[in-house]
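Each of the next two complexes has subunit A plus one more chain, namely subunit B in the first and subunit C in the second.
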Partner chain A sequence: MRVEYINPFVEAAYNILTEVLGGEIKRGELYLKSTSMPVMGVAALVGLAGDVEGRVIFDMSIDTALNICSRMNNEEMKVLDEMAKATITELANMITGQAVTKLHDLGFRFDLTPPALFTGEKMELSDHKVEALIVPMETGLGKVEVNVAIRDRM
Partner chain B sequence: MAEIDAKTISGQQNTAQDYENRNERVAIIDYKMVTFSLAGKDYAIDIMQVKEIAKAGRFTYVPNTSPFVLGVYNLRGDIIPIIDLRIFFNIPTKAREYDALESLIIINVNEQTFGIVVDEIDKVVGISSSSIQPPHPIFGDINIKYIHGVVENQGRLYILLDVERIFTNKAKVAEAEAEEADKAAAPALAAEPEVKKLVNATRDELDISFIRDALGALAKFYVTQINEHWVSERYREWRDSRGNADVQLTSEEDARQYLENFLSPDTGTLWSDEYASQLSALLPQNSAKQINVWDVGCGKGYEAYSLAVILREKYPNARIRVYANDSDLLAISNAPMLNVPENAVTSRYRQLLVQGVGGSWTFAPVVKDMILFEYHDCTNQNSVPNMDLIVCRDVLSFMNPKQQAAAIADFSEKLKDNGLIILGKNEAMPQHSGWLRSVQGEVVAFSKE
Partner chain C sequence: MISKQDFPAINERAPEGVRADGVAFKVLVVDDSMFVAKQIGQILTSEGYEVVATAGDGLDGVEKYKEMCPNVDLVTMDITMPKMDGITALEQIMAFDKNAKVVMISALGKEELVKKALLLGAKNYIVKPLDRKKVLERIASVLGK
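Up next is the complex of A and B:
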């Protein structure tokens, strides 16, 4: 992945998570992955198009998702209902939106697709021909993995 | 309508009569042959030599035999050799699947039994032996001395193989090979697993083999055909420099010292004028409008910038694109904004550098725009276009053998036919693998044969 794209995503994820969740957010070691990988339970996907093609996936466990929703809505949420799903979708939108804004300032033009949310157990993501950058984020409410796979159009 | 029908019927009768006439001509069927196909062509063998046909696979491999001997097979208690006729005749074969069953014709020649593997077994065809015509060189792709004759039957032309000739020769060759193998017991052992090899190996070879393992474990440096030449050369130096001390590598520090002078010139800095000129001299003339270059393992980016400057000199009229990758995030993060230390600025680079407000030198946008830095691991899927030049210095040696092979295959696929690959100073493409080597000073380049 192009070096210039990495930081905006890392920063955006860090900023937004700190802003909406509060508390200390720790960024794990970044790494590349191209094998199929398990999805923890809830995955929000935002597609990117424009000068580049690709997608960003926000992956977390159902418990983490519920914790985040409870915090963001300021009320205890026990099931992943419409409201909770909309909350996670919104979080994905906020992070990707900020990253794309940063990239726009650097002169790269991206468009976003509306986010899609996948929930379920024992899911696996297998676009293993694509090399993805994994940004692990350790929040006080659980782990969120930002999985970015974008490449320049040739 | 009725008229037409009548005509067709009479027509059919005519054809039937024709057939009868023809059959009368070949009247006596005194020769039967088993027909089969190899690469789409029809071949046949005298049925008297065929014992049976079978389907079998997973033959037991026998080392040190000719490539067309697939191995041996247990046919109801008899161990018979299996020969692939396609390989024997140099006919292209499909890649063999491990479990696939092969069509097998079991034949008897001079009281010996062989199994031969063919593409497809067809049927038994009866003919008159008088209709066998002598072979002509234009039939088939195989040596005329193995052809007994050519037969036409129902519009198909069969090439009748002279099995005796094929296999009496083969038997002799096989015997000779067996004898030779006995005589040359030591070289034969070389094909055996490592353990046996070590028995005959000298002390030095033993040491080298331990060093190979140690380098893999301590420095993630894998010794393969790419670099084994250098490792053995280096061993002599190393042994002498250690004096009485243990030659074995026992720590990461030892491994680092052993590999000290492995790296190519000017690793981690801008290339010197000398190295740059040598590399430039190796580059072929290329009038293409677009020139793509892949810099695998560009590290902090010095290599990519040096390359961009050289290419700009060499191909002033082309649009040059350097795809620079590294899997070390820390190293490559700063590459797009690389600061060049004052002392590294030579006249070659000066005109393409701009001085920032803080006094530090960075490359001008014309050079920066040529390079696309990517955080990418080339052992993953590579989505680069076809390349005119691939620079991969001292990268392959630090991949495990499987990754190395995959990377070389990928390079070969991505490299244009007139393209060039530059490896590290002490690295080389495996011999006899379709690469041509050319050397200019300390730069070693490979092109496709």
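Up next is the complex of A and C:
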């Protein structure tokens, strides 16, 4: 996967998480996965199709998701209800929106799907014939992994 | 006992969402995200605005505007929504009421759509994530405050 695809997502995740959560966001070591991998509990997936195709997943534990929702809503949220799901979906929207602006500026043309939210335990993700780059972000409210699998359209 | 009257009222100011005659500006919020609708509602009501209705898609937004006109002073309009997008809803509201005050709410990456909306008659736009100060400034400027 070309690195220019991932940088905009990492930068956007860093910017938006810093803006909406406050505090220091630490970027962990980037790693590559080409086989199936576990998903932590709450995963917001945005699909891309155009000059490039693939998907981006924002993956976190349910506790982290609830911490983030509580911060973004300025109130304690204990269950992943409709409002909490809308909050995580909106977070994914904001990050992909900013990343796509950057990629469009670089000349890539593609559309995005609205975020789909997956929740549950012991989920596993398998991408067929596309490797995924994962960037862990330590937010202070828990870890969010930005999982990007994009390739040139064949 | 010290009462409020003992302090000079140097910090008092009228909330932005209320007219000189004490009546609140009425806002219709059109957004498919519960989270964003709630966020806009909280920001606006904290300054005295009245959110008279919310709509979860463009079609519902146009219907509610037509129903409530002229008792809506301002509409906040999301761009990407199911059933009818915010640009089409804006067009229909402007065709119904050329004096409608619509402010677009956009994620980054939709510059072309925002430009189109401004050409179609939207009065201003706000980019998410929503910043309280920015939201209030833009809305107050559209209402001529």
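Assume the second predicted complex is superposed on the first by the 152 of 154 C-alpha atoms of A that agree within 3 Å, B and C clash if a C-alpha of one lies under 4 Å from a C-alpha of the other, contacts with A are read in each partner's own complex, and residues count from 1 in each chain.
By definition in this document, a contact is a pair of C-beta atoms (placed from the backbone, for glycine too) under 8 Å apart; a residue touches a chain by one contact, two chains touch by 3 or more.
Computed from a predicted structure; not experimentally measured.
Of the two partner chains, neither subunit B nor subunit C is touched by A:V46.
Put simply, more of the residues of subunit A are touched by C, taking subunit B and subunit C as the two choices. Look at A:L80: by the touch rule set out above, it reaches neither subunit B nor subunit C.
By the touch criterion defined above, A:I16 reaches subunit C but does not reach subunit B. In the superposition on chain A, contact is made by A:S34 with subunit B only, not with subunit C.
In the superposition on chain A, A:Q98 contacts subunit C only, with no contact to subunit B. By the touch criterion stated above, A:R2 is placed in contact with subunit B alone, subunit C being left untouched. Shared-chain residue A:V130: touches subunit B; no touch with subunit C. Contacts of subunit A with subunit B, set against its contacts with subunit C after fitting on chain A, share not one residue.
Touching subunit B in their complex are the following residues of subunit A: 1-4, 6-7, 30, 32, 34, 129-131, 133, 151-152, 154.
By the touch criterion given at the top, residues 327, 329, 332-333, 335-336, 372-377, 380-381, 383, 385 of subunit B touch subunit A in their complex.
On the side of subunit C, the complex with subunit A involves touching residues 33-36, 38, 42, 80, 107-111, 128-129. Every residue of subunit A that touches subunit C in the complex is listed here, in rising order: 16, 19-20, 72-74, 82-83, 86-87, 89-90, 93-94, 96-101, 104, 114.
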